[in-house]
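Okay, handing you the structure first.
Chain naming follows the written order as A, B, C and D, and within any one chain the residues start at number 1.
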Amino acid sequence: MAATVEARPPDKYVDVRTQELQINMGPQHPATHGVLRVAIWADGEIVTRAEPDIGYLHRCAEKIGESVTHIQYVPYTDRYDYLAAMNNNLGYCLAVEKLAELEIPERAEYVRVIVSELNRIASHLMAIGTYGLDLGAFTPFFYAFREREEILRILEWICGARLTYNFIRIGGVMRDCPEGWLEDITRFLDYFEPRLEEMNELLTHNHIFVNRTANIGVVSLEQAVKYGLTGPNLRGSGMRWDLRRDDPYSIYDRFEFDIPIGTGIKGTVGDCWDRYWVRILEMGESVRIIRQALDQIPDGEIMAKGVRHLAFKCKAGESYQAVENPRGELGYYLISEGGQISYRSRIRAPSFCHLSILEEILPGSMFGDAVAIIGSIDIVLGEVDR
Amino acid sequence: MNTQEILETLNKDGVGQGITLFEGPKDPALVIPADRLVGVCEHLKSAPSLQFDQCILVTGTHMTEIRDKKTKEVTRAEGIEVIYHVRSLRHRALVALKVHLSLEDPRVSSVASIWPAADWHERETYDMVGVVFEGHPNLKRILLPQDWEGFPLRKDYEFPKEYRGISLEVDPPWPQQ
Amino acid sequence: MERLVGALEGLGESAFALSLLMCAGVVLGFVGIWPLFAVWLERKASADFQSRLGPMYVGGFHGWLQTLADGIKLAFKEDLIPAQANRVLFWIAPAVAFCGAFATMVVIPIAQGVEIVNLDIGIFFILAISSVGTIGVVMAGWASNNKWSLYGAVREAAQLVSYEIPIALSLMIPIIAVGNLRLGHIVGFQCAGPEDAGFVYLSHHGWLLFYSPWTLAAGLIYFVASLAECKRAPFDLPEAESELVSGFHTEYSGLRFSFFFLEEYVFMFVVSIVGALVFLGGWQPLPFVSFQFDNPLMKLIGAGILLGKAVFLVWVQIWLRWTLPRLRVDQVMTMGYKYLTPLAMLTLMGMALYQYWGCRYIPGIL
Amino acid sequence: MFTYMRNVVDSLRTTVKGMQVTWKNLRRPETTVEYPEQLVPLPEGYRGIHTLDTDICIYCFQCAKICPVDCIEMRAERVEKKFLSWEVFNIDYNKCLFCDLCIEVCPKDCIHMDKRDGSAKFALITDDRSTLNLDILEYKGLSEADKVAVVKVREENAKKAAEKAKAAAEKKAAADKDESEDKKDKADDSGK
């Protein structure tokens, strides 16, 4: 073979020109989880450059925060990370309570923990379900939704809404638990744990799934810290960091739970499979937390005294309050000058930071991997664009 | 490690010149002169006793002038404040760094080279408040359209009446009953 | 039907042409009705697997008319052609793709002796003609002037070309045993019995799937490769909806889109019925016990059994589709070239040696 | 070579496992319902379309004030300082967040998002957005058909609950029996 190549004069080589293909993934694309646009420059199936473009869902969250009262702003926080609205409520309420120096009744704290952990499970179910969908497995998506539906039913029972709850309020929670609600949660948890095992059999350990995710989209720990990754994505890279343990808010210091990290069981530490696996394990930990909370929950008030909806005022000051959202560190930085309205309300959305790493890790992956990577960092565009 | 201790460490390491402690009613912060920001940030990241390796949040705020009600003295000058929240995963500490800028020409050096996470946050701050980060690799609007005029989160911002021929009047386009 | 064609042949050219038209009508009718059923089956099966109800409304019983309603909707949709598309190719691509699947029906015997053309290169014909569909898909992808479509088309071309090899090799293995390419003969081999056999008898060979370990492996390889050949999950790369929006038919709508849809389901049927004929004993209901399928009633029953087997295989394809994630494009190639092809070759060699050392009676080769 | 064989075996094994899981789910009952014919029961305190008890409303504007999106428009006249002659009570469901704040601030408990019996109207499907600006004064709650459906669902649920309670009671009785037997055993043991 070599001889024939040499026999040809060099100028007669066929010059095969290849052209870089620029392709727009989104804003309307099945795998971008909303209205994200990623401009991709591809060499055949291989991505050479990627540039995320956001802002299609911008709803002026921070500007609205400067024009409505604290109480009125809580329903807006539902709409940022709409898959984990309880956690968003919790973060904002904690931030305002810190400024207003409110004492929260014990029972309210426990109800808050229970609903936010339930919401965390629902959010992770959504994350793994849609991740399966991204990789072409339809059925896990429906199973995840079936389980999530149960959680939504429980949350609907207590607060009357299914997605945008506005349940956790400044000073406590909106309603006390209805009769039979706590027992129903126990029933759900008993039902849920075997179903999680089923999900593992169907998707997690599936050979094709492992091949699609292991060693793909590896984020080293250094990169993860550099790009401000938090939550399951940081833990997937092998950092044992969880705000619930490392900077405890609410009453999380009373519960015992592990912090799962990615250990590279199927591939490298920090690959897509690790991030996915951390989410699966975290659901188990949430179940543990809820069980403990259900055991410990006391009777009593659910709303702090002196919180009147129309006349609630904060003291002047500025404070940053971060909570561990299902997607990472959700922070509210509020500047108050006293009065009902905050002077500045800044939201630190985890997905926003997570997206910025795409530019770094997408190049060099194949097209199908790009979808897998975007799915594995689990973004919610409502939160990215705010 | 609280903010006071961090300031002491900075002083001990010899980079503390001009840094003051802002003690608000709630969270304290370090106020850093704008021209020394990058140096201090580099030190914060690299010094083994500090190791602030994760940039959490960059916030820009338009601070309006506040006068004391009785004496009419300016207690807070008008300007733009950029606040950096930086976290040390090793020491489990969070610190806020403040930089005061003038409203007319808000310019500060970018810290995106130190913490790449600050890249998008700085772009957003530019987009919303109009702070120009010098040395930023890609300083353009991130959430709003590229040809948007004005910086919406400034307190003196006026909402435009239309954008590219699209009416932005608040009244809904559908008929009212 | 063969006899019918033969009888009409004597009547002259015009009658012959008429008979051909009739055959075409029969095939076309089947091809039109089958997807209605298959799509409904797919929907109901997927719904069952996913704890859903699926279509329940149209037609009363479990939404059995849903597909027809959808078909009518598709037929009445606006026929969109992108402004920059290559109109001619865009027009004919669905037809070409459809022809590939459609033409293979010609050689398929539906019961003993009932087939339109009894070609002596039966299987070979199916393999050859089914590749025509690829050309249609590539044309569609190219003509759409859409980058997603182009990706889909290129993937389709690469995938189908590479999976032709294992599918052909795996079909060679039973042919070694049978020694004939006619599908009717292959089934005949599986139900061959003693000369003076009664209505029920023990066949010499039984189903080819259980004829030897090599044919069993060949059956598996054939099934996997046939999944790739008809673009079913986990090999649905050309239309991978989460990656390529809709792949090669992104720009197609209405009736033209439905042609691609029909093609997929007809092709599913074709590979399933070929699998049933070659490996699962055709119209023989049991692996080692055969029945005489010589009178018309029995032929009808046989056709029913054959269709049942084909539907079962289609159902297994559906089951797999709703279980597995999708492979990546290079993994599909790896699977084809590094796994299925060598394994098929190995099996082929094994089968050849097995036959050579004469574990069984070999009618064709000796 | 080892990896090669393991890949083959692994892919077959995990595929079969996955198929087992889907097969298991094939035999489980469906979780979805045929929506317009069958209704999912609504919990008490469901947030649906508002209803206003015009007799006890004192026209204090608190609900309109707390509303984050200003979607409540109300106008009434006081007659003899006692009664209210209502002109307008509109809620613009184009804007409404269903946040429940208006219900909570009401000092007289006269505005509700569910009817007092726990049923609520929730469907806001329309092809004309102007129809979403609903007049709550005129809104009479559920239609007759809806009411029938709600009653049906409720009866079914009650039946199911009763069955469940019965089953639980039986179980409990059985458990109690076991327990008492255990106690008996223990008593016997102690007696020995």
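As a working rule, a residue touches a chain if its C-beta (ideal position, glycine included) is under 8 Å from a C-beta of that chain, and two chains touch if they have at least 3 such contacts.
Because the structure is a prediction, the values reported are computed rather than measured.
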Contact-graph distance - origin chain A, target chain B: 1
Most distant chain from chain A, judged by the mean position of its C-alpha atoms: C
Chain B and chain D, separation of their C-alpha mean positions in angstrom: 44
Centroid spacing, where centroids are CA-atom means, of chain A and chain D in whole angstrom: 26
Whole-Å separation of chain centres (CA-atom averages), chain C against chain D: 48
Overlap residues in chain D, where contacts from two or more other chains coincide: 7, 15, 18, 21-22, 25, 31
Sequence positions of chain B contacting 2 or more other chains: none
Residue list for chain C, restricted to those that touch at least two other chains: 49-52, 322-324
Of chain A, residues touching chain D in the complex: 68, 71-76, 139, 143, 146, 149, 153, 156-157, 159-161, 164, 166, 174-175, 178, 198, 201-203, 205-208, 309-310
Chain C contact footprint on chain D (complex, rising order): 4, 7-8, 15, 18-19, 21-23, 25-26, 28-34
Parts of chain A lying in touch with chain C, wherever the complex brings them together: 21, 23, 29-31, 45, 132-139, 142-143, 146, 202-203, 206, 208-209, 211-212, 366-369, 371
Of chain C, residues touching chain A in the complex: 46, 49-52, 147-148, 151, 233-234, 236, 240-245, 322-331
Chain D-facing residues of chain C, complex: 47-53, 56-57, 319-320, 322-324, 339, 343
